[in-house]
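Right after this note come the structures.
Each of the two complexes below includes chain A, the first together with chain B, the second together with chain C.
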Partner chain A sequence: MSDATLPAIAAPRQRAPGIWRQSWYRFRRNRAGLIGLAMVTLVVLVALLAPFAAPFAPDDTSAMLRGAARRAPSALHWLGTDRNGYDVFTRMIYGARTALAVGLGAMIIASVIGVIIGGIAGYAGGMVDELLMRFAEFFMVIPVFVVILAVVRLFGIVVVGTWLEDIPNLNLMTIIVLLGCFEWPPIARMARAEFLRLRNSEFVEAAHCIGSSRRDILLRHILPNAMPPLIVLVALGIGGAILAETMVSFLGFGDPRAVSWGQSLYFNYEALKVAPWAVLSPGAALFVTVLGFNLLADGLTDAFNPRTRQ
Partner chain B sequence: MRMTTKRRAMLQASAASLVTAAVGPAQAAPPFFRLYLMIPNNQPARMIWGTLAAQQMSRIGIDVVSSFVPFTVISPRRSRGDGKPHAEGGWDAYLERYYYNAITPTPNSLFHSRLAPPSGQNFYYVNDPQIDDALDRLGSTIDPAGRQAAYRDFAKRWYDTEPMTILFYPKDVIAVNPKLRGFDTTTFNPVFFPNPESWTIEGAGNDATAAFASWAPPMSLIPMYSNGYSDSNIFGPVYNRLYEYESWENKRLQPGLALSHTMSDDGKKWVITLRPNVRWHSGEEFTAEDVKFTWDTILNKAYGAPIQATAEQVLGGTESYRVTGKYEITVELPKYDMLFLDWLLGAQAIMPKHAYEGIAPASMRGHVASTWNGRFQVRVSGGRTYTSLGGVGTGPWIAQGYDPQRRAYKFVRNENYWKPHTGNVKTFYVVNIQGTDSVLSALRSGAIDAHDPMYDIGPLASTIEPSWGKVQSFDSFKWQHICYNLRHPVFGTGVDTPLGRQDPARAAEAAAYIRKAISHAMPREQIVKEIAGGYGEEGTVPLPFTSEQYDHDLLKPIAYDLDKAREYLQRAGYQY
Partner chain C sequence: MGTARYIARRLIFSLCLILGVSVILFAMINAIGNPVEVLLAERPGITEEMIQAVTEYYGLNGSVTDRYFTWIWALLRLDFGTSIIYNLPVSEMLVTYGLETLKIQVPAILIALLVSVLISVLAATRQYSRVDFGVIASAMVGHSMPGFLLGIVLILIFSYSLGILPSYGAYSTRNPLWGSDVADALWHMVLPVGMLVFFNCATLTLLLRSSLVDVLRQDFITAARASGLPERRVVFGHALRNAFIPVLTYLGILFGLMLGTAPVTETVFTWPGLGALYIMAIQQLDYPLIMGATMVITVMLVTATLLTDIAYVAIDPRIRLG
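Moving on to the complex of A and B:
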């Protein structure tokens, strides 16, 4: 031991920054990730402030009734009006709520299912692991889109006359739940891999030694350390879920009562040459939102696992 | 314990409220009732005015549950024939474009109470004695003035009770290849369809190829099963009818496979002389036996033709006609019926006995003659056989089968057609293209020469450049409506309305008030102007706006007036 090291040993012990803080330091240096964060923050703010920011009610078709549908942007309608007579700016703002509800809702469901199944598979191993992973693969080969179209149609028949019908935006809720129920396998596989890796790590063995319960080990030691890669997957999944809902709406199977960018695109795409603003605005909003989540996920990947970049 | 005065008063008031709520007065608070509105999801424009209609109904206190669904969801619900409301597996209301199966308006083929499904097409269960009476007179009156009076009575009763909300009369807007000459009609199922025998494509020589776009794939290409444009666009050029229309412009009947006819004074006995020397595509001669076979098949319930009930109404039964010569058929109708000439002779294609007689009823819809997918052998007199790639007709075009890769139905010119072709087209295709944008792209690229009016290109007409498309518009003889299940207890029969519950004798009146309320909540002018691109007229009754049967003095546009709408709902017993 050299003399030079002595002062360091003598110095009071400083707690090393945790995984989250280290990740944040790295994330701050990732320009694309920051742009993504800014985009997502913007979308979230727009969604939260929609009732204050939107100049009209989302279902206001008064422009149609006064003969002003498909009008170009003006002082009254900043982004013009569409074929339905809706104010495009208002629908774009309220559409952010639907997009986030779909993205977050679907991925929360997917995360809960994925982490539970993946966690059990990874921690338990053996036959349980085999069974659960084959189960996950079964879900991965089902064409989600076709299932959504079929179930939305079927659900529209089954719920008639029941209390379920009173659920606001039931079609949209159905789409969210279905997306959540089919998007969990990648999360489960990642969770399984992380649990498998972490269950034999030193700090877990240490926890065993000091007599921690299995629940403590799972929830307090393994799960927090398995979260970073899962968060990346969830961020990516949000963009995917938003696109999926847009596609369902664009095919004409969306929720007639929901304000959806996909629906706006569907109703107005034929008038692209006549009223391009009615298509470009929801298209741009969709682009910004999905790109934002993808850039954010990219930044998070670099932040949580810098070696992948190297 | 002694009850205080205040408590007693409160209890009395509560009891009074309970009694009032239980037995009357006839009042309800909004939302008054729930209405399930199915909006077909195949046309964005209709989805837009459907959504608007739902919003407008909500504004007057109706709890509208709207859904975008393919027509394949609507069709079985409405065709069940039991009139159940949506919540019980039937239907409440949906949007539709409609037209008659003849150029002369034939509401008696659609709205008479005896034409309920499954054999009839009164899917809406219109059941009004005054309408029935007018329709009976309309169909059985030979005197033109008397018939016009019946049309007027029908229109007036409809206008007063509005069994459906007629939104508007669209115009047909069609863009064609600028080099195409001779395209001077719209399509109108089942009597006007693409007639490429009169098309000339400039600069294409004497062996031109033309293509026509039709939106949806057909359900069946046997004429008696025709359900719409998607079918008749394809089978139409292959077959002939006994009488055909001279032109869209004058809409006058002229001899087709029939040369002439005589009619007795009471309109019951008809002797129809057929055109001689007409040959089927197989080479077999066309005779009166083919006409008899066609009518026999339509009337035979085993074949399940949707026009069976109407045909039975007109003909009575198979005993009413007989072959009285090789080229003559004599008909004794149970009573005069206008549908006989205007619909049965003028709109129903004649099918070949020698080719279709052997097809079992259960196999008819799936047969090659119906699908054009494959080939089948037809026995012709003299021991010969003919291989058909689709339907066998007497028409100007011979079926050449279906190409699933190109989604195209091919035809070649019938060189032995009894009427000479006047154009230069020798090969013709009907191609299934879905979407307005797609069809205009196809026209621009030269892949098609014309298209069906179902594409509703009106709002995009301004984007079509003369270099690649010539825009033509026609009166369409159609209408767009919201139709109601008139067996629904609220807006159908009215028995479950406050007024209907209070006074069952006034239930139908209450239902009419509700329908009129909905009608006044519809901004028809804006729908035409803003969604249909200005191509249309505001709707009132199911009669073509430009037909001579439409009484413009009587049928004034129905005002968009929400106050009036609410007033009608109040008359039905609903209180705001």
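Moving on to the complex of A and C:
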């Protein structure tokens, strides 16, 4: 056999890269997106490795006993100590865990609600669509943050003396669930638009023709293709949820037992003039996290949807 | 569908929204238990008779639906009841504190609009230049900067390090600046307004710049240039007007965001506004004040959304009403 005919017959044609691989190729060229990815990775790593990365235990207040509370950064306490004698650097590192738990927890709840409501609205259409979307619009207009503050405070009083009180970090979980229950409308709107678009596409029609069940069509054909824009919203939402939890805690309605950036800000804001490092450090951590998720979402938008790039 | 019918429909929907929020708020507070018991839960030494007396005093012994209609009927006559903690009419407090909130938010939005127009024109007319990238990068960073953190940094710099601006309050308790109350009030407004301007500016600039870049590429801009109009008139007269449409819808959202996070802003600057009042109300469980403040904030938000909706169709006749 001659060499000339060999490639044409023997080499199978390489498979065209799929939607995810193509997106990754585009994402790789986006500098802002990569910086965001690096920041998010850093936060995730810090959260996972907190016990190894932190120089002190998160509940170590021994500096207080030594009379070394509110000390400026030094070789022993890299970012100083706060007014309770906590090591600021340690609390900042452990705060990443709470932040990610809040962000992921809230967005998982929001995504489930959003995809179910949006999916039904988009696929069913008609009156159901109209009603569900008005319902979503309702949640978009009400002052969410204000309502969350009131519910967290009132719920904290109601549970006193009931079995619910024994749940560890109940207050934090309330905040996560509330954020999830209020952040779903943008996801529902996007899911609706995508389901509506894909419902009439050719491959869904083909699936109908070969007799796929409705469940298969929704979950195996439409949902995976609706994912890219939803992922962008989830990335944005994680940053938003982390910011919201920090603000709730900063106002003093957070979980006093949780080690979170908002709690550090709340406890140390009064001492801003004397120990600014105890406020600036958790603030900087929050900023890096939110910026990271925003940049990541920006990069993902460009990667999934090259036409919008300017 | 005609414009009038569209506006009527939005108006009805807005009213439904406000009514819906009132029902949810009322149901939530009642689902949590007898307000009196919750109110007295954190105060020791309370007897059964006192609970009875307080219940009667606040007219809480009817059925839930009865009380809801009494409350709503009073709201319609702008009677928000009396604050439990301050023993003042809630409506009076809401007006006083609400004006303080608007005093920093309205100027902030106006200044932010002006500044972001100038910056985005600068960036969009020099697309892909160093100026443009600088503007995008700093707007992106500013967009992700939580407002209250910026406020804290501003206080550290201007109040504590330089000592030129006050860090808290809306007025000096004594010795106003230059002996003038107006100058003193303005002096106190600088930091909170500055923070809100920065917060709004970043987002508005991102939006307006990309919108302007889009518009500047369109044919009618080329036509305007070809007809010999000076560049300044092309940009400010023709392009900017069209680029503004998406920004306008965002103004309502931005105002809502500012109002919604007023509790945080006003805590940072110890500003005597609606947000700070709201925080005090929920800390002290002052029910009439909580419900009144929530309703006022909701009405302001819904009105802002409604106005942007109407402005949207008024400006752009191409929009299909539905």
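Methods note: the second predicted complex is superposed on the first by the 293 of 310 C-alpha atoms of A that agree within 3 Å, B and C clash if a C-alpha of one lies under 4 Å from a C-alpha of the other, contacts with A are read in each partner's own complex, and residues count from 1 in each chain.
Operating definition for what follows: contacts are C-beta pairs under 8 Å (C-beta built on N, C-alpha and C of every residue); 3 or more make two chains touch, one makes a residue touch a chain.
Computed from a predicted structure; not experimentally measured.
Chemist: Does the chain A-based superposition show chain B and chain C clashing or fitting?
Modeler: They clash: once the shared chain is superposed, the two partners overlap in space.
Chemist: Tell me which of chain B and chain C touches more residues of chain A.
Modeler: Counting residues of chain A touched by each partner, the higher count goes to C.
Chemist: One more residue to check, A:Trp20. First (chain B), second (chain C), both or neither?
Modeler: neither
Chemist: Applying the document's definition of touch, where does A:Leu149 land relative to chain B and chain C: first, second, both, or neither?
Modeler: second
Chemist: Between chain B (first) and chain C (second), which, if any, makes contact with A:Leu291: first, second, both or neither?
Modeler: second
Chemist: Report for A:Glu270: first if it touches chain B alone, second if chain C alone, otherwise both or neither.
Modeler: Once the two structures are laid over each other on A, A:Glu270 reaches chain B alone.
Chemist: Return first, second, both or neither, reflecting whether A:Phe203 touches chain B, chain C, both chains, or no partner chain.
Modeler: In the superposition, A:Phe203 touches no partner, neither chain B nor chain C.
Chemist: Running through the overlay: 59-67, 77-85 or 491-499 are the candidate stretches of chain B; which one clashes with chain C?
Modeler: 77-85
Chemist: Which chain A residues come up in both lists, the one for chain B and the one for chain C?
Modeler: Touching chain B and chain C on chain A: residues 153, 160, 252-253, 269, 272-273.
Chemist: Would you tell me which residues of chain B are touching chain A in their complex?
Modeler: 36, 39, 41-42, 44-45, 47-48, 51-52, 54-55, 65-69, 73, 86-88, 435-437, 459-460, 462-463, 523, 526, 529-531
Chemist: Would you pull the chain A residues touching chain B in the complex into a rising list?
Modeler: That would be residues 59, 61, 64-65, 67, 69-70, 83-85, 153, 156, 160-161, 165, 171, 252-254, 256-257, 266-274 of chain A.
Chemist: Going by the contact rule set out above, which residues of chain C touch chain A in the complex?
Modeler: 13, 17, 20-21, 25, 28-29, 32-33, 38, 41-42, 140-141, 143-146, 148-149, 152-153, 155-156, 160, 210, 213-214, 256, 259-261, 263-264, 267-268, 278-279, 282-283, 285, 290, 294, 297-298, 301-302, 305
Chemist: Spell out the part of chain A that touches chain C in their complex, as residue ranges.
Modeler: Chain A residues touching chain C: 32, 134, 137-138, 141-147, 149-151, 153-155, 157-158, 160, 239, 243, 246-247, 250-253, 269, 272-273, 276, 279-280, 283, 286-287, 290-291, 294-295, 298, 310.
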